[in-house]
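The following block contains the structure, expressed as C-alpha cells.
Chain naming follows the written order as A, B and C, and within any one chain the residues start at number 1.
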Amino acid sequence: MFRNNYDNDSVTFSPQGRIFQVEYAGEAVKQGSVVVGIASKTHAVLVAIKRNAEELSSYQKKLFPIDEHVGIAIAGLTSDARVLSNFMKQQCLGHRLTYGRNMPVRSLVDMIGSKAQINTQHYGKRPYGVGLLVAGVDQQGGPRLFEFQPSGMTEEMVAFAIGARSQMARTYLEKNVDSFKACGKEELIKHGLRALKESLVQDRELTIDNTSVAIVGVKKDKDGTAKVEPFKVYDGQDVMDWIDSVSDDKENTAPAPATVEESMDVDNDA
Amino acid sequence: MDHRPQAWGRPRDDVYGAYDASYLHDSGPKTATQSPVVTGTSVIGIKFKDGVVIAADNLASYGSLARFNNVKRLRTFLNSSVIGFGGDVSDMQYLDRLLSELAIDETYETDDTPEDDEETTKKTHLNAANLHKYLQKLLYQRRSKFDPLWNQILVAGTDGEGKPFLASVDLRGTAFSSASLATGFGSALAQPIMRRYAETDEQAAKLTREEAVAVVKECMKVLFYRDARSLDRYSIAVVTKAGVELAEEEQLEKQSWAFAERIRGYGTQNV
Amino acid sequence: MTSIGTGYDLANSIFSPDGRNFQVEYAMKAVENGGTSIGIRCKEGVVLAVEKVITSKLLKHGANKRIATVDRHLGVVYSGMVPDGRHFVERARDEARDWRDAFKTPISTADLAKRMGGYMQAYTLYQSVRPFGITAIVGGYDSELESPVDGEVGSGPSCGAGGKVAGKKHGGPFLYMIEPSGLYWGYYGAATGKGRQAAKAELEKLDLSGDENGLTLEQAVKEAARIIHVAHDDNKDKEFELEMSWISGHDGPTKGLHQEVPKALREEAERLAKKILEGEEDEEEEKDKMEE
C-alpha cells in the first residue's frame, strides 16, 4: 500500500532524516493551479490562474484579502487555506484592536509557520496541504512577499511562484529578478502575468475568467507621509486591459491559438 | 474528648460550646483592590516643537506618610517612549514588568530587518501611540473585571508619523490626548499653567525644547508648594525622534516660600 | 545501521534489541544535512554564526534571519529542519519569560540550556511525537552586575548583606549545544550541521581558554566567519549567506545584549576569511608545483 515503511505518518523519520508525509503534503501544493507573487520597492502583486470544475461552474477563488495591508494567494487544498486565512484575519484584527496598527507581516507569517510545524510533529495530525504566497506592507515601509510551505517553512522572497507547473514561472522570475525592485505597479502586474503564462498548459490562455490580480502597496500622501494602498483583488472585466497588454500580439510574438475551454481536472484543489 | 487534628488548638466544645467558625467564611461579594495603598502623585507632560517633556517626582506615599523618597515613576520603553505613572506603586511595578516583557518581544522583531538598519528597526517597534492603545485596552479590561490597576498614566513619545505624541489613560480605561496633560493634583494645579503656553497642538508646535522644560519645571515647583504628597526631587524626560533623555535625580531650584506667610493655617502663625 | 528494516526504527521511543533509539538517530541525520552552525565562547563574550545555503535566486537577500534572540542576553542558532528550529526558539522564549515572571530576574544561559534540554528529551519519550530535527547552539552572557530590584523599579536597599560573597565572580559568557536526544553540554567552541567536522577541527586550534592570551571577541567574530567559510569549502558549488551575532558583557560592544554583528565588522571578517582561504589555496598550488 505504501511506497515504503517510513511514509505512513508525519512523526516518523526515514533513515536519511526525511519526513515523507511532509514532503507529500508539498506535492499537494503542486496539484493546485499556479500563483505568482512579486514585490517591488512600492508594491507587491499576486496573480493567479483560477480553475473551474466544469464549463458552467464558477471559478475557484485564489486570492484572498486578510486585512487592509495583507493578502494571500493559495495553491493546494482550499479548505486548508481557509483555516489559515481565518486564523490570519483574526490575528490581524486582534493586533489592530490592541495596538492600533497593522500587524507586521513577518510576525503574521511566523504564526502560521508555527501552526503548521505542530502538525508535522504530532501523531494523528496531518500537515496542511496548501502553500501560500503572502503579500503585504508594514511598518518597515516597503512591500513584502513571503512563501509559506506545508512544512511550516516561511521565507521572504523578491518574487515567487507555487502550484502546478510553477517551475516555468520561477524560471521567468529568476531571469528578471533584478528588474523588479524598480518596477511600478503596472510593470509588476505585467511581469506577473508573463510569468503566469509561462506556466500555462499548451493551448491555454489567460482570460478574464481565469485570471485574478491583486495589489497592495505604499503611496505617498500630499504631505509626503507614506500611506498604505490597501490590498485589492481584481477579477473579470477589471483585468482585461492587463491581459491585453501582455497578449502575444502585443508582445510581438506568434499569435496564440484561439481560446480553449478549461478542462475538467478540478476537484477541490484550487 | 475530640482528638481529631481539626480540633487541635481550638477551645473545647464541651467546655465553651460549639466553635463559631462563621467568621472564617467570607460572606458577601469577592473583592479586589478597592483603593490604592502606596501611591505616587501627579505626572505632567507637555508637547513642544519636536517632542514631549514629561516629569514626575520621586516620592511614593503611604497614606499621608512620605514612605519612599527614591521611587522612579518615569519608565522608558525601548529608548523611544516614556510612560509616567501616578497612583498605586505596586500596580506600576506590575505594569513595568509587563512593559519590559513587551520590550523583549520587540527585540525579536530585529530578527526581521535586513541588515542592521537602525532607522527601519525603530519604525517596526511599537511607538508611543501603540503603547497607549495597549495600556488603554489593558486597563479597561481590568476595570471590567472589577479588578482595576489603580493608576493614572501618561504616555509620551512619537506617533506612527514621527509627530510628538502625548496621551493619558486611567484606571477606568478612559483615554484622551492633548497638547499638555497632567494627572492627579496636577490636573488642577499644573494644567492651567501649561495651557497658558500650549492650549492647542498648533501652539505647542511653536514651543522650543527649552521653553517646554522651563514650563514643566515651573509646574513641578507649584506642585511641590501646594501638594502635601509631593517631593522636591523629581525625574524629567525629554522624548524626541532621536530618543529619550531621562534625568532621575533633579532637585527643585530657586524655591521661595514667601507666599506661605499669607496662607491661613500655615506653620506656627496665630490668626 | 544493520537494524534498518527490522521494524525497531519505525516508531519513536522504541528501543532496538541492542539498545538504540533509531528515530533519534534519524533525526540527527536531518541535522547533518543542514547548513553549518557554530558558536565560539571567548573571554569577552560569545559569537554565533551560521551558513545559510541559498536555495533559490528569488530569496530576498539578507532577510530570513536564522539566529534568534531568546532574551536580551541570549541567542540561539540551529542546524537542521528550520520550522523545528522556530518551534525550539519559541519555546525558549516562553521559558525565558516564565523564568522572569517567577523569579523577577533574567534566566541564566545554563538554566535555559537545562530547560530546553529537558524539552527536547521529552520529544524522544513518546510514540505520539517525533524528536526535533535540529541541533541547537545556545549562547548567552549572564550579567555580572548586581541585578536591579524587581526590574529596576526603585533602587533597592543601598546597604545590607544581600546574599553576595565578596570577591566572588558572577556571570560571564556561556555556550551550550543541545542535540535531538536532549543531550547537552557546555562548550568552548561548538559546531553542528553539514560542515561540523571541518569546523570542529578549526575550533580546536583556537585559544578559547578565556585567559589573557585567549581570543578577543572581535577576533572570535573573524574566526567564526573564517570557520564557516572553511566548513563550506566542501560544498563549493552552492552559494551561501553568512549570518553572525554576538554577545559581550555590559562593558563590551553589545552592552550585555544579544545582537547581530554590525554590517561593517561582518563584511571585514568575511573579506579576511576569503583572503585567508585564497592564500591557503595558492600555497597548496605552490606546494603541488614544488612537488612536481
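Operating definition for what follows: a contact is a pair of C-beta atoms (placed from the backbone, for glycine too) under 8 Å apart; a residue touches a chain by one contact, two chains touch by 3 or more.
Note that the coordinates shown come from a computational prediction; the quantities given were computed from them, not determined experimentally.
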item: Contact graph of the chains (line, ring, star, complete, other); value: complete
item: Centre-most chain, if every chain is reduced to its averaged C-alpha atoms; value: C
item: Chain whose average C-alpha position is farthest from chain C's own; value: B
item: Which two chains share the largest set of C-beta contact pairs; value: A-C
item: Inter-chain centre distance, chain A versus chain C - centres from mean C-alpha coordinates, in Å; value: 34
item: Rounded Å distance, chain B centre to chain C centre (Cα mean); value: 41
item: Rounded Å distance, chain A centre to chain B centre (Cα mean); value: 47
item: Multi-chain contact residues (two or more partners), chain C; value: 60, 63
item: Multi-chain contact residues (two or more partners), chain B; value: 112
item: Residue ranges of chain C in contact with chain B within the complex; value: 60-63, 65, 67-69, 71-72, 93, 96-97, 100-101, 104, 150-155, 257, 259-260, 262-263
item: Contact set on chain C toward chain A in their complex; value: 1, 4-5, 9-12, 22-23, 26-33, 56-60, 63-64, 81-84, 86-87, 90, 123, 127-131, 133
item: Partner chain B, residues of chain A touching it in the complex; value: 97-101, 104, 106-107, 138-141, 225
item: Contact set on chain B toward chain A in their complex; value: 109, 112-113, 120, 123-124, 126, 129-130, 133-134, 137, 160-161
item: Residue ranges of chain A in contact with chain C within the complex; value: 5-6, 10-19, 110, 113-114, 116-118, 120-124, 145, 151-153, 155-160, 170, 173-174, 177
